[in-house]
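Residue numbering begins at 1 within each chain, and the chains themselves are lettered A, B, C, D, E and F in the order written.
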Amino acid sequence: MITTFRRQKIEILVDAPLVRRVAAAAAGVGIVHYTLVPTLGGVGARGAWSDDQVTGAEAKVLFVAVTGEEKAEALATALAPLLDSHGLMLMIGPVEVVRGEKF
Amino acid sequence: MSGGLEALFSPIILFFVLGAAAAFARSDLSVPEAVAKGLSLYLMASIGLKGGVEVRQSGFSTEIFAAAGAGLALSLLLPFLAFAALRRFGRLGPIDAGAVAAHYGSVSVVTFVTGVEILTGRGLPPAGYMVAVLALMETPAIIVGLLLARRGLAGGAATGGDGLWRETLLNGSVVLLMGSFVIGLIAGKAGFAPIAPLFESGFRGALCLFLLDMGLIAARRLREARALTLRLAALAVLLPVVNGTLGVLAGTLVGLDTGSVAALGILAGSASYIAVPAAMRLALPQADAGLYLAMSLAVTFPFNITLGIPFYTALAGTMVAP
Amino acid sequence: MITTFRRQKIEILVDAPLVRRVAAAAAGVGIVHYTLVPTLGGVGARGAWSDDQVTGAEAKVLFVAVTGEEKAEALATALAPLLDSHGLMLMIGPVEVVRGEKF
Amino acid sequence: MSGGLEALFSPIILFFVLGAAAAFARSDLSVPEAVAKGLSLYLMASIGLKGGVEVRQSGFSTEIFAAAGAGLALSLLLPFLAFAALRRFGRLGPIDAGAVAAHYGSVSVVTFVTGVEILTGRGLPPAGYMVAVLALMETPAIIVGLLLARRGLAGGAATGGDGLWRETLLNGSVVLLMGSFVIGLIAGKAGFAPIAPLFESGFRGALCLFLLDMGLIAARRLREARALTLRLAALAVLLPVVNGTLGVLAGTLVGLDTGSVAALGILAGSASYIAVPAAMRLALPQADAGLYLAMSLAVTFPFNITLGIPFYTALAGTMVAP
Amino acid sequence: MITTFRRQKIEILVDAPLVRRVAAAAAGVGIVHYTLVPTLGGVGARGAWSDDQVTGAEAKVLFVAVTGEEKAEALATALAPLLDSHGLMLMIGPVEVVRGEKF
Amino acid sequence: MSGGLEALFSPIILFFVLGAAAAFARSDLSVPEAVAKGLSLYLMASIGLKGGVEVRQSGFSTEIFAAAGAGLALSLLLPFLAFAALRRFGRLGPIDAGAVAAHYGSVSVVTFVTGVEILTGRGLPPAGYMVAVLALMETPAIIVGLLLARRGLAGGAATGGDGLWRETLLNGSVVLLMGSFVIGLIAGKAGFAPIAPLFESGFRGALCLFLLDMGLIAARRLREARALTLRLAALAVLLPVVNGTLGVLAGTLVGLDTGSVAALGILAGSASYIAVPAAMRLALPQADAGLYLAMSLAVTFPFNITLGIPFYTALAGTMVAP
């Protein structure tokens, strides 16, 4: 029976050209490891979008990081101003991981 | 102008119409995004190369600087005009007006490419250096648009900092266009010959497939455009007509040949949908992307492809004619 | 310290041509905002599938929506008949979000 | 028939074999899906254009209506035959039998394209209007298949409502084929000339790469096909032979030329793997997708590409011969 | 009101050529159904990676399986040796599903 | 050597430079991965086909076996040399040294393709069978590298079992190269003619676009390479020079023509970035992928494309010259 550790999974839906800025904000609160997941489109308060690569204006990416509760909250706090202005979506959910020292 | 309208029945335009019709009818026809992006890279590399080779052939001349100056001036001034019209007649707030104005000051590569094809088909090929003018006109309007928008923002929040300037000046399409232009300049006719089969023979066919996709994208966007009022839709037709006319005037004033004058009109009349939207998402995220893409991509682009290009061409013919 | 709100993340694995129908069902219970995430393939009770775009018959998409508990359950109930007949997979997990009024 | 079998050693078929061999050997060779989709769009646009240009050249004739009528009749009747065989000999339930029957009543664009290449190589080019017949034959069988399947369902649950009809009639491949055909008609030989380098010269090479991918897809699907009984595999070879023969008969009866008769045989003998599976997922989700794709894509398609086409061609040669 | 069942969602970030091996390990503990989700890139202790298809050396895929607690733990245990040696990332989070007998 | 350096100003190389420059300047220019993969498949199919057609033309000869033997020997022996240099001078542990050594024993298809273009442009086309030699040299070094690395591992954990052998021997690029070669052999000049427009005329242009992407990838990787010490960067230049020289020597010894000798030098001097990295991720996951990709892709590949190929060519000219 392997030991697991409770961590938080943060997922941030962010415009592709803004990923660097989110990564920088994450690094600012000590979150340096992450994974990017593609998306196809969606609908929000600002209307519908879909990732046509020709204009490239609307591609969004999921920035996923697993980390401890404190850092997760710190990142949510750090990004709060951007959430509204840049139309990001941020979710935090509980996950169990092995090798807890890594996260 | 009747001669120009014949171009409406060329396969290039018909594929655009096919795409738009399919999207309006809600067909599930679609071009994979990666393929469309690949086609757009190919078209830009091709037009850059051919422009460079041509300039190498014809040599540098003062005309080049005249055309560059006219293009630069247009892309710096047109946003002011557009901004005023969008604020008053279009009833937009300063942020959205600034964002849209930047699009109309900048240019659309595909409109230019289509225009060059049509002009060449009518025996009026624009000069090779117009590609450099195109690249030159892609970004200055972004700065003007942001300055105009910023007055509407509480603080200086409209600057994207470093990231923005890099994103804008080194935007992929600008880099590829100018890079290919320089490669064409270096390679010359002889160096271009071995790669001509791909970049020359395949060009018009690839443009057909790309415009099929543009038709799909433009029509889908129009269907989903919620923010597009009648006034704004009218402006999306009026602005290209006015800007294009100013472009033709400017070109005539600085003494370009008919084909190049028409091309400058096409550039001035076109609205960006690659470099500018990307910059706006970064620097002016408060602006409504649905709005500026609907205007530039869903109204102005189809208008230019079908009616605008023949109009600018006819105008250039009347103005420059002996 | 930023305030977070507890919501539900619904993920529905659905055949690409059926996305419209799922979105309509979601809108029917008041869920109008969502994001689509691509998938590559999978194995289920009906065998293996993978997204070759040539036939296009088997592409599946993840429909992701963050919403309150009630709407989440309402959507699960509304889609129940389709789950079996159309081979959908539906999961609901807990997430924390900021700007709770949006979800 | 020996002449036809030579075609087996043309690069087009050999690339298909290479793909299949690689997949059976579990090589990780793969064509990106976006590229394969792009190639398939290109092939459809190309065949549509060429068909349209040809009809514009040769003018409309009563033959066109005869061919269209024969094609339509085949695609409405063949599903009944297939349904009966699948129920009795194949031991399928009504839902799966209906779904599979729709595939065999419909047509495969790539089988047709490959057949046209082979026929043209043998000096028997089918008439240009056969492309329109192809488009016409894509969808009617879907309706018949659904009606047949519905008898096996408790309620009327097998209808997809509005969505289905749009999905089916405006299926991307049908729209692109017919759209390109019309563009070819409008453009004619002169309008086609500038885009011919891409759509004509590149065609066979692109078909090679596409068939490489089809080989990979077909063989991978065959390896994973769990639902494919021996009886069903046998039907996946028998149905095309019977349907193809009926197609050749019908073509001969309505008085088409040898190449067009062979093409009608190929169409009748082929089974859809684009339009129909997509419609079935929507309208008949209870049917086993693994089964109908295994039959049409993993057995019938390879059979037709390698042996079916030469057989229908030889048959057409005997029937139409003076 | 539909009945939901509590299950575990396991997500494993794995190099594309290793997916077969993870699927085999999952099958070994009785998890035979799964879905694959693409990724774009990321940063971890071993540095940054991004999925350029030309070298193909660095593509990673998310292997997602919904299952019961026991099987989830069994898979975590079975994969433990690979996590370090092959640089996998494994997360387990709670989800509710309908049709509990399927998972 | 001045003649060789002229090649630096061919569009093929200039597009590589453009890509690298764009990436260093942090432009957002990018080629969609699916398109790049598609281009790479096209280039491999094309080079395979042309090689096969050529061998069919010229017939088999003992030279083929001599070249194959030389290639095989090089790819088995070069890893030992590289391993020693990487351990002592490069200060790498055995696992990383083994992984990197495998890369340098294997070959790079694109380096070869670019070399063939340059050699052909200079009137020194290598023999068609060199494509088969290329395919032959892709995998043996993987085995040697793994054996060398395994001595550094506690147990026999470095084997990937069955999966590895399949992955390696049936690697997509090897299968496509050899498959196309065989198709070329079977089809011969006549069978190749109908598909030549795509595979021959389009080739150099496609290579330009592909090298644009390689420039982007190589430069981005160099920027992110953290593990690359100065010593290792030096080795990434030294190893190709030494290996390339040994390749030229081997080719001269077995009596090949100048073009083929240069091609063998290019093969020996090149380092894999497709087949080997994939195999290493599977069989030697403890090795640092960032390191071996940085060396082979970000240093050796650009070096070979710009300076290496002219050097090996000049060397071959001196050695083989009458």
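Rule of thumb we're sticking to: a residue touches a chain if its C-beta (ideal position, glycine included) is under 8 Å from a C-beta of that chain, and two chains touch if they have at least 3 such contacts.
Since this is a predicted model, take the numbers as computed values, not measurements.
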{"item": "Equivalent interface positions on chain D and chain F, same or different at half", "value": "different"}
{"item": "Chain pair showing more contacts of the two, E-F and B-F", "value": "B-F"}
{"item": "Label of the chain whose CA centroid is most distant from the centroid of chain C", "value": "F"}
{"item": "Separation of chain C from chain D, taking each centre as the mean of its C-alpha atoms, in whole Å", "value": "34"}
{"item": "Distance between chain centroids, defined by C-alpha means - chain B, chain D (Å)", "value": "40"}
{"item": "Distance between chain centroids, defined by C-alpha means - chain A, chain E (Å)", "value": "19"}
{"item": "Chain D residues counted as touching two or more neighbouring chains", "value": "28, 32-35, 37-38, 167, 201-202, 278"}
{"item": "Residues of chain E engaged with two or more neighbouring chains", "value": "17, 37-38, 53, 93-94"}
{"item": "Chain B residues within the chain D interface of the complex", "value": "9-12, 14-15, 18, 21-22, 25-35, 38, 121, 201-202, 204-206, 208-209, 212"}
{"item": "Partner chain D, residues of chain F touching it in the complex", "value": "32-35, 37-38, 41-42, 45, 49, 166-167, 170-172, 175-176, 179-180, 183, 186-187, 191-192, 194-199, 201-202, 278"}
{"item": "Chain C residues within the chain A interface of the complex", "value": "1-2, 4, 7, 9, 23, 32-38, 61, 66, 93-99, 102"}
{"item": "Contact footprint of chain E on chain F as seen in their complex", "value": "33-34, 36-37, 40, 157, 163, 167, 213-214, 217, 224, 226-227, 273-274, 277-278, 280-282, 285-286, 288-290, 293, 297"}
{"item": "Touch list for chain E against partner chain F, complex", "value": "15, 17-18, 20-21, 46-49, 51-58, 85-87"}
